[in-house]
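The chains carry the letters A, B, C, D, E and F, assigned in the order they are written, with residues numbered from 1 in each.
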Amino acid sequence: MVNNSILKAEILSQALPYIQKYNNKIVVIKYGGNAMINEELKMNVITDVVLLSEIGVKVILVHGGGPEINGTLKKIGKESKFINGLRYTDEETIDVVQMVLAGKTNKDLVKLIMQKGGNATGISGIDNMLIEAEKYESEDDLGYVGAVKEIHPNIIMDMLDKGYIPVIASVGMDKDGHTYNINADTAAAEIASAVGAENMILVSDIPGLLEDKDDENTLLPLVHVYEVNSLMNKGIISGGMIPKVDCCVRAIRQNVKKAVIIDGRIPHSILIEMLSKDGIGTMFKR
Amino acid sequence: MVNNSILKAEILSQALPYIQKYNNKIVVIKYGGNAMINEELKMNVITDVVLLSEIGVKVILVHGGGPEINGTLKKIGKESKFINGLRYTDEETIDVVQMVLAGKTNKDLVKLIMQKGGNATGISGIDNMLIEAEKYESEDDLGYVGAVKEIHPNIIMDMLDKGYIPVIASVGMDKDGHTYNINADTAAAEIASAVGAENMILVSDIPGLLEDKDDENTLLPLVHVYEVNSLMNKGIISGGMIPKVDCCVRAIRQNVKKAVIIDGRIPHSILIEMLSKDGIGTMFKR
Amino acid sequence: MVNNSILKAEILSQALPYIQKYNNKIVVIKYGGNAMINEELKMNVITDVVLLSEIGVKVILVHGGGPEINGTLKKIGKESKFINGLRYTDEETIDVVQMVLAGKTNKDLVKLIMQKGGNATGISGIDNMLIEAEKYESEDDLGYVGAVKEIHPNIIMDMLDKGYIPVIASVGMDKDGHTYNINADTAAAEIASAVGAENMILVSDIPGLLEDKDDENTLLPLVHVYEVNSLMNKGIISGGMIPKVDCCVRAIRQNVKKAVIIDGRIPHSILIEMLSKDGIGTMFKR
Amino acid sequence: MVNNSILKAEILSQALPYIQKYNNKIVVIKYGGNAMINEELKMNVITDVVLLSEIGVKVILVHGGGPEINGTLKKIGKESKFINGLRYTDEETIDVVQMVLAGKTNKDLVKLIMQKGGNATGISGIDNMLIEAEKYESEDDLGYVGAVKEIHPNIIMDMLDKGYIPVIASVGMDKDGHTYNINADTAAAEIASAVGAENMILVSDIPGLLEDKDDENTLLPLVHVYEVNSLMNKGIISGGMIPKVDCCVRAIRQNVKKAVIIDGRIPHSILIEMLSKDGIGTMFKR
Amino acid sequence: MVNNSILKAEILSQALPYIQKYNNKIVVIKYGGNAMINEELKMNVITDVVLLSEIGVKVILVHGGGPEINGTLKKIGKESKFINGLRYTDEETIDVVQMVLAGKTNKDLVKLIMQKGGNATGISGIDNMLIEAEKYESEDDLGYVGAVKEIHPNIIMDMLDKGYIPVIASVGMDKDGHTYNINADTAAAEIASAVGAENMILVSDIPGLLEDKDDENTLLPLVHVYEVNSLMNKGIISGGMIPKVDCCVRAIRQNVKKAVIIDGRIPHSILIEMLSKDGIGTMFKR
Amino acid sequence: MVNNSILKAEILSQALPYIQKYNNKIVVIKYGGNAMINEELKMNVITDVVLLSEIGVKVILVHGGGPEINGTLKKIGKESKFINGLRYTDEETIDVVQMVLAGKTNKDLVKLIMQKGGNATGISGIDNMLIEAEKYESEDDLGYVGAVKEIHPNIIMDMLDKGYIPVIASVGMDKDGHTYNINADTAAAEIASAVGAENMILVSDIPGLLEDKDDENTLLPLVHVYEVNSLMNKGIISGGMIPKVDCCVRAIRQNVKKAVIIDGRIPHSILIEMLSKDGIGTMFKR
């Protein structure tokens, strides 16, 4: 038993340089989509968030909530209409989006963090107008699909200052009082920039960027911002990865030190990424 | 025009002693139920809240959301089951309650306050476990109908300290992570007690306590706590008024200075109650 | 009665945007001369000062005290000698000026504010050498008539910081310990500049700037600084108005947002000016 | 020259234990009456006050102003009326008292301290109602002769906190706005008690308490409170000394550590009292 | 590699409840004697101290330095004289003790912590008279062997407050300026009591308390204070263990929550004790 | 006796302008070498340090310890080897240097200050890596003779902030954990620069800079930095004075206002230098 304890303690002590590195630094973790479905993984993400918070990292958790929105829309018999792959968001839909993200997903995450011993407070981009939004401009009218106009980060800074973990639902509002649906990756990137985060982590359900998308052994562990264009041209960054990578690039251009896409299906992937020399997933750097 | 201005200024100056009285004091305003339906009155309530906040009162807004919960339950085709006048709240229902209160009503109130120039942040009794709840004990199993076990007011005090108006959805959680539906009047009374409020105001859709419930001229402007029993015996406090009066009495017994039931249908009834010598509705005092 | 209350509350709520605008901003109010004689108007000014203070405006009250100085000089049988309209101020006279302004007028204003529930502390330009003065340069020797050499605003800022209303008697001192009589309008303008005031209000006994000085209907409600020269050339700004307007211009040039000459004879003229869209008197702006 | 310097430095270094003893402690110095007349001695008192302040003592200077009041009353031709040795103070007289003490004596002391490099701010018992007064009860109506009803010491504490030397004119006010003349020794004693002073020093123009009032060699350097009655019976405390000793006793009974009556005619008597083992004058102790 | 990382992260996440438990709590670690000789173990102790500090524990390191003192005494040719097993400490010896503990051992520990990324500042019981000592009373004169008279913990609290790890050499001083040699276990226990520590850890070179001192499998993992007497009577606590256990008991009686004797030869024994459910060594509790 | 007291008080009051000048300013005093041998003079230096600290000067005491190092080296039979007048410092020697400076001299000074009523805390350049050192570059290998690479002044500022007198032993460390012997004059100059000191005082055992080194009457009381070269060329600055003057010049070039070499053999030379118009020794200025 003692030998086992020594091993464990040795592992803890190896984490020391990483703990020092992130001490008092802000890290934005975006968690959402399919990575949210598996309950065990969700628990792992929550445990990681609480552990990071306890060892002195200032964690901000930004979330979307895809599956739960679809479930509720289905329940009320609302048919989804898509235009170029983006959901047309009428008034009834945005009501459901706000309600599910800010009232269901957000509070369920808060409850889990509280149960694990963390101090979480859930807000949305509406609260204190954290995310000032505007209509997302596109050829077709998409309704209340929003773009970030400005982040007003005071409420987050005040919460971090008082020792809370802010859990943020990715909806925004404009000055006329309309709610907009904001892509959670985008919200995370803009918030990370506005608060001067050290690190942005997008927890997804893929291993990261693969040179050959069918072979996990071809994972690219590090991509510099200047390599992104070439990777797009080669088709290595394609499809759903394009907006994710765009968010990473945007965050880095606005002075976030690094942005990482990690695989939420791997247990404790956030801790591995932050507290070991191995890292995991694909890291983007300047 | 100048004469008109003088009159206005004279009225402002008459409000001075009341402004002094409530300066830096905490006031809990409970707003909900039918009083929420009329949009114009809702706007008046919001304007009053922002004005009070601007002149130095520390306002906490607690809300329920009856009609919107019913609307959403209806939309998803959930039939309501009542036991002794209380709604049986199964898991699906409590999910809708949490979602509507914390995600819809709460954020809509925040948006209105922001538009009026206030600094509102919406949370629920779940956030930082503000309202620790337990199952409401009754003969029949009512599901997730909750009672307040303990208020953890830090998050509210921190928000007031940083200058935000806390807007609070009346749901609670227990340590196992279950959400409970908490009566908003009860939540307001317990929060008012926990934060040492000067005043609790229940904004309703009735004029107050009437000696003859069909004659508004028989309004009782002031009731002392020791008179309550006798008024119940006489049937003057009866029906839906009983729990409301109970909340007022409970708040006062826990050192809230006064508790008032006012008529939300009267424009600016909150301001009238707080900033004039006339008052409005029925005030409960020790 | 309720209707009356609604009207009052409506008026209070209309003041909200102005209350928000001046929240935590510094406003310098200069009150003196003939506007001080009428006791009822004095009470109105005091009530306005206390109300503004209570709703979060940081008010500084600067005063002169013409009539009382004359009264005391007469009592001690001192004959006044005037040179080009300015009083020759010998040592005996400056003693009386200091004594009356700092000991009589100042403390009487403090007493009135205290009685109205404000927290006033009266000081003079001598205290902590708030107003460092030098001899006013003119062709003839005017004795201890002073010009402002430098404002040392710490004592005011400390008082505002601790929640007091500073009431300031407009005398100054030089480093050799001589007292100088400082024109109260000038003192107000220089103090407003030094503390970064939002607004300077000169409470006088005239309606403001009139195009035709015999017709109050020709009041100019707004004058831009660049219009002042032309108004002087036209004779619209003339006589005793010239130094007053000079003070307004000087304050604005040193970054005070606006300067207003209002009629102290109108009840609550300060509140009307600050908390209504109507305004009153003549406002000077950049 | 060096030898001289060594001697001076040796003297400074001998003051060390006394400097340590009074560091950050509050000392109330009352200065007034005849001790104020000699300009050279006044300068010595001022220098002592500034030195004490610079080496970390929190000095409060309370003053009366007898001779100057008489001078001004004479100038305005006001005849003084005495009842049992106390001046009958009608409305005209109290006006002069307030004006002279708060406007003349107070500001002149402030000017002297400023010139010596101290940070003085002069207020009176009226400011922020520091000295709440009431009519002094006696057989005959004495007009506005006042007794201390309550000290509200916030304004003094705030000034000490911000590093100013408060200079306080001994007039008070009641809640109806009347000014009262307060005996400066009494004001000093009550203020010393209210602020928890370590030491109260009454600077007078006598050597202290003499066993034989014609022989300065019979000075009593230390009197315990319990000895006072016996000294009164023996006639050693008599005449004008009685109220002075009463103030000392009253201060000590309200927890001021010691009270001293010193001779303001001796140069630097305050420094000698506070910073040497010799002491000077008569000290009263529990 | 990923599997390995997952395991590591899992271990980190299991430490979470212990990290939460000690967050912002004070822990006194006493390190000295033979446990100091092995360089690798010393490095492990240092790493543990820095890790604990980084994850929010307020660590105080108290040390003795036996072997180094002996080495230096030998170098200067000073023969050691023992009385009843205690070293007779003459003036020359106490000089060496002070010099070695405060100048050599102390600074060497500081250097190691600095190299590992911690913020250490080394002081001794002399600095700011942290350990006020007196002569240890015994039948024979032992010279400058000291007992703790009083702990003045301000300097430690200030250092913890500013984020430093205090490293404390166990010598003390009396008011006459004599240095005393203080047993390091005793110093740790008294300091732990004075600062309100949660936990005191004595790092030694034995496994803990053994029922059979020749069989490590008979380790007593938990001893309550009330069991100590009986264990002494049975001879299970004996010899050099007696003073160590006395220190533990004394600390607990003065409200330290627990005291543990652990085996410094086991790598990371401090982390194992504090961050795992296994614990290590013998824990004393109320 | 009174006359004597008056004289003393007069001298105290003459020190006022100097006390004001240094209030809250940082002064670095370097004390060491032969000036440390005489016990009476040491006591004078300590008294001066405590007095300055009590009257509001932020004193930092930097010390070397020549004679004590030699004594200990001799005791352990270590022969000193000199290269070009600098001691070759091998590992055994640097161990002794660290031990004596940080453990003996440092703590003995702390004890003296504590006995005189000051609040001293002794650290070394090792603590919190205050003095980051590197090998002193010279033709011959001198071992662990160090140069200052960087000062990390946080620990000093934190101590001053909390009201302690930092006493600093002039050894440094590099990032590999080696200790280096740092010349105390150099350490004082670099620390004075890093903390923005007003004044650096080198207490030595010579009168200052003499034009004719055999005639104390030829003392140069003031030397400007631009005169130094010429004085070196003339041979007036020569021998052991060259490095001392270099330190003064270096401190002044890095914005220390003045640097003074004073004669520690004169009683209270520090007080004379700082608190009188006479000054003492040789002052260097820009």
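Quick note on the criterion: a contact is a pair of C-beta atoms (placed from the backbone, for glycine too) under 8 Å apart; a residue touches a chain by one contact, two chains touch by 3 or more.
Remember, it's a predicted structure, so these values are computed and weren't measured experimentally.
Rounded to the nearest 5, the angle that brings the Cα atoms of chain A onto chain D is 180°.
Annotation: the E-F interface is duplicated by C-D among the options C-D, A-E or D-F, judged by over half of the residue-numbered contact pairs being identical. Taking each chain's centre as the mean of its C-alpha atoms, the one that lies farthest from the centre of chain C is E. If you average the Cα atoms of chain C and of chain E, the two centres end up 69 Å apart. Between the CA-based centres of chain A and chain B the separation comes to 35 Å, rounded to the whole angstrom. With centres defined as mean CA coordinates, chain C is found 45 Å away from chain B. The distance from the centre of chain B to the centre of chain E, each centre being the mean of the chain's C-alpha atoms, comes to 56 Å. In chain A, no residue touches at least two other chains. If the chains shown are joined wherever they touch, the resulting network closes on itself as one ring, and no chain has more or fewer than two partners. In the cyclic arrangement of chains, the order starting from chain C and heading towards chain D is C, D, F, E, A, B.
Here chain E touches chain F in the complex through residues 72, 75-77, 95, 98-104, 106-107, 110-112, 114-115, 119-124, 126-129, 155, 158, 162, 164, 169, 171, 173, 175-177, 179, going by the rule given at the top. Across the interface of their complex, chain B is touched by residues 1-2, 4-6, 8-17, 19-20, 23, 44, 47-48, 50-51, 54-56, 116-117, 266-269, 271-272, 275-276, 278, 280 of chain C.
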